[in-house]
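Naming follows writing order (A, B and C), and every chain is counted from residue 1.
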Amino acid sequence: MKKVIFVFLIGALLAGCTVKLVGPQTLTVMTHDSFAISESLVTQFESEYDVTLVFLKSGDTGSALNRAILTKGSTEADVFYGVDNTFLSRALEEDLFVSYASPALEQIPAEFKLDDQNRALPVDYGDVCINYDKAYFASRDLALPQSLDDLLKPEYGQGSGNEGLLVVENPAVSSPGLAFLLATIAQYGEEGYLDYWQALKDNGLVVVNDWSTAYYTNFSGSSGKGAQPMAVSYASSPAVEVVYAATPITEAPIASLVGDGMCFRQIEFVGILKGTKNEKLAQSFVDFMLGKDFQEDMPLQMFVYPVNPEAVLPEVYVKYNQVPETTGSLDAQLIADKRDVWIQAWMDTVLR
Amino acid sequence: MKVKLSSLLWMLPAAFLFFFFLVPLGNILLVMATRSGVVSTNAIFQPLWFTIWQAALSMLLTLALGLPAAFVFARYNFAGKGVLRLLTTLPFILPTVVVAAGFTALLGPRGLVNGWLMQAFNLQNPPIAFMNTLGAILIAHVFYNTSVVIRVVGSALVQFDPRIEEAGRVLGGSPWRVFREVTLPLLRPSILVAALMVFLFDFTSFGVILLLGGPRFATLEVSIYSQTLSMLNLRMAGLLSFIQLACTIGITLLYTRLNGKRSVPLMPRLRGETVRTPKSIFEKTAVGLMVTVLVVLLVSPLAALALKSVLQTDAATQTSSLTLAYYRELFINRNDAFFYVPPAKAALNSLFYAAVTVLISVGLGLTASYALVRQRGLKRWLDPLIMLPLGTSAVTLGLGFLITFNKPPLDVSSFPLLIPLAHSLVALPFVVRTIQPALASIPASLGESAASLGASPWRVWRELELPIIRRAVMVGVIFSFTLSLGEFGATSFLARPDTPTLPVAIYRFLSQPGAMNYGQAMAMATLLMLVCALAIGLLDKLQVEGRGSVNSDL
Amino acid sequence: MSQLEIINIHKNYEGKPLLKGINLSVESGETLCLLGRSGSGKSTLLRIVAGLESADRGDLLWNGESICDVPTWQRQFGLMFQDYALFPHMNVSENVAFGLRMAGMKKVEIAPLVNEALELVNMSAFAKRQVTDLSGGEQQRIALARALAPHPRLLMLDEPLAALDRALRLELQDELRGLLHKTGIPAIYVTHDQEEAFVLGDRVAILSDGLVEQSGSPEAVYKFPKNRSVAEFLGMTNLVDGKVVATEPLQVETALGILTSSNCRMSNVKIGDQQLLLVQTTGAERPTTQDGSNRILGIVTECFFRGDDFKVTLNCCELFFEFSLSERCEVGQSITIQVPDSSVVCLET
């Protein structure tokens, strides 16, 4: 009896190994939960390079990056996609990536290229902005806030009960929450941002932990029909609301506030992981991600903007999304050094 | 000398816990300890204190609802009992995102209740503030864990010899005194077990605190999450994980002490002699009240979800109408998305993982229970060890899995069993806690008499012991099954993107804007409830059909 | 006046009638033995008297007052369960003290009463033991002590000796009998063992098919079983059917020949009626003369020594009869046996 089990176990182990050994070579991409891609593009890349693409997703941006850091050198994956400018310095400090000066970089505007050694290459960007419920503002004849300062006006402080009209996410656990915090730091500086938040708090600011709650529970513009007509979200949300409407609509129910300094730009990067045994193939994949096909695929798969200016934006983006002219920006190194201090100070100010 | 094979049983669960719990946990804690980061004591004590007292309060409230509910289920027959029992199990499987959506739909500022109250009393503002309150945390914990109490205490109650209570009544004890002095002390082991498990669940609560409690409340688990994933302060996260682990050990030891004083074997009873229809007005009112409370608290948020999955609001007219559009949309891969998974596939993935989890955890649970019953010396270390995963940070353990199992064949991308293995870690304590007392209650003479009649050990097990512990095993099966179906934290870490489970699929929808995504999430959640209800219904049916009956002297 | 009166109790179990109108009474100081097969409803009747179950119809009177609406815990009856139902989480003296505590007594009052009850059952040395460590006989005594300690108005015992071995059963039977008389508490004792019923009961009631078939003193019941089912229940198998040929004295023509009975308490027997007879095993002899009534001829199929006498089984025209004889017979031997007229009893059919 025991022999049978033993043989069975060995057999199972061998079977497990052989699956891994035969077949075309594989390229493993480590990324976060939000990564999405069209099936046809995967097939296209796979057949062009005779390779099987394997995607490893683990949680949000932070989880995925932690995984990459903690499994550094294990050759578990070849490419890592999804580190953003708020995490970039940490990834670079950890020495996760090898440099690759992709020819595709030439077309990409300099503002996105934050790593001069090209270890992390920009792929896409998205602006974290405040979405607002168009119907709410229209029906009350309420003027739209044009700046962060405007948000302190009393008319945005009186919603239901003692709650104001704006809901934001907790930067300690939410990525758009952190981005909005960074926008205020970029605007008011390290000396002034806490005063601003104190004033926001006094004006009835509502804080929740995560984007889903903010958007679907609190935001009145979503199908959750919450109480706040303004929520920190993404500039691409209006287009997505149209694409994923329950019944076809011709006008987005929401729009973004894109006044000066009100948005923060998140740029996502891809890098070739140190220790890969498929460096050539990994480079091809990076080129592919920066190429026109993939760049045009992203907006409707991941709801982000392409960094490659050659990529044509989908019509809904052009029609329904507002693009901020200027966005707050902070040095990636400064973010890496100060993020936990800023978050802690924010929590001490806003949550206590 | 030949070693008796059965004396080595403990090695199986011990090896499992060593390889899939201690090793990954030790690995990650070591890594975390060696990394740099600022450690602030203030950030330890505040969440620690809150974690403990909210867990204690949640546990007490859960017992306050769960114990009477367990009594009603174990003692009375009433219309719709089977359905209600099924429905009370469902909260356990639902991912927190969905539960939050359900509570929001019901009690949120624009929820059904507030809407109705505002209309009825002509109010300007919603009268009930539920979201982001301590009350929301407590109610959600009660919502989640009541079924633990109902199942664990209920299975002990059903096996409880009614004659012992009757003896108390004949001796002049009023129902209340008999309950207090006879029933309660005899149920103490199972109540303690239920309390311990509920406490540990609430102690490591994450989703509920994050989504319903809001940013002003942080448990250790939430702190670990934010320290790890937002602040990248692994040193601090490691320290918090360690403290959480130490607390778990302390609580488990306290439990062993409380429970170890007087453990009383309950003779297993197979007949349903304790169940009756409520007769007196008092009984009828009590049962009616209990059923109402369960329906309001446990079923109405589920119903709100199901309702949301078939309601659509017209953007122009703001009127609602019934629709199956969200369900239809689930079956369409409109965007040619590579990671699109048809709902049936996600359901199958979930069911596969759940089935494997049941096999692993019940198999190991049985061996562990036998070992614990036969070799009392093991109790001191194997028992607490089994409980530990319940009180361990999912984020930490998840990262531990990722850094430990990253080489083929034992790696996330090629070894499909890591998810059920992780689920089994959490399910095992439940299974052991339900099977072990049933097993301990079997008198040794039973097996000996059967052996003297010529039954091999295998036959003794198959024909005597298994039927007796069958109910307990089924409770364990249902626990591990539902636990696996609803688990999100570890799964999101370990799931391969091409084989997501239902909760992972739900989460994907909820992380994007758009009414269709929201509706699809509700539809998927309704499907999850349906799949689970069907599966549990089937399991319960098996249990009923297989139950033996012994005639008593009338 | 009877202390307990059970009046026309009906009870259905799972839709089938289990008790179909039970009438019984218990006098003060008396022990009533309820005798019946398993499933005859005797335990259910006890549970109804105890208030653990309610009757569908009928009444219970205690000293003339209905107690149907008095809840169990206020009836002050003691019930000793078949499997004792000791509280496993309490030790021996805690078990015995339970009823006293429920009666609201203080600790100082309870202790001597517990000792007294334990002494009564010779278990004083076991006061601090865990009940789960006790043997069956010891548990039985503790259960009895527990039931007796609060001095119940009525004691009910449900097959208290069923689980014990024969020697212990006989010993405890005598003890119980002594105890019941010593305490003077009226008691209902349920058993399926006739011997036990006869030893313990001041009165015996036989329950069958949901009704009281017969009740009376042990001697009366034993001597004059009312009908076939009572006789068979009491282990009397010498039954024979026949036609009445004379009434003074009663003579019945049976397969064994004409049997004469001087022991018929039935009044309306007519010539030509079918009549069932019971031939009691005692008093049989091998006749020394050729004359006299009730001579039974048969072939010995079995004969064994029982201590005081021999048990002989006779095959008489393919009917098998048992007798007690003072001498040994050989199997296969054809013998004649004579029974006195008083040993032939007529039964209702």
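Assorted remarks:
Following the convention adopted for this analysis, a contact is a pair of C-beta atoms (placed from the backbone, for glycine too) under 8 Å apart; a residue touches a chain by one contact, two chains touch by 3 or more.
Note that the coordinates shown come from a computational prediction; the quantities given were computed from them, not determined experimentally.
Most remote from chain A, judged by the distance between CA-atom centroids, is C.
In terms of Cα centroid distance from the overall Cα mean, chain B ranks first. The centroid of the Cα atoms in chain A and the matching centroid in chain B are 33 Å apart. Each chain gets one centre point, the mean of its Cα atoms, and the points for chain A and chain C are 87 Å apart.
Chain B and chain C have Cα centroids lying 54 Å from one another. By the touch criterion given at the top, residues 13, 18, 38-39, 41, 43-44, 47, 50-52, 71-79, 81-83, 85-89, 98-99, 102-103, 132, 146-147, 150, 159 of chain C touch chain B in their complex. Within the complex formed with chain C, the chain B residues making contact are 161, 163-164, 166-175, 177-178, 181-182, 185-186, 262, 264-266, 553-554. Listing the residues of chain A that touch chain B in their complex gives 13, 16-17, 19-20, 28, 33-42, 54-60, 62-63, 65-67, 70-71, 74, 76, 87, 90, 160-161, 170-174, 178, 207-213, 215-218, 220, 222-227, 233-234, 237, 240-241, 243-247, 249, 253, 300-301, 303, 339-340, 343-344, 347, 350-351.
Contact residues of chain B toward chain A in the complex are 28, 31, 38, 43, 97, 100-101, 104, 108-110, 124-126, 129, 131-132, 210-211, 214-216, 222, 225-226, 228-234, 312-316, 323, 325-326, 333, 335-340, 395, 398-399, 402-403, 406-409, 411-415, 492-498, 507-508, 510-519.
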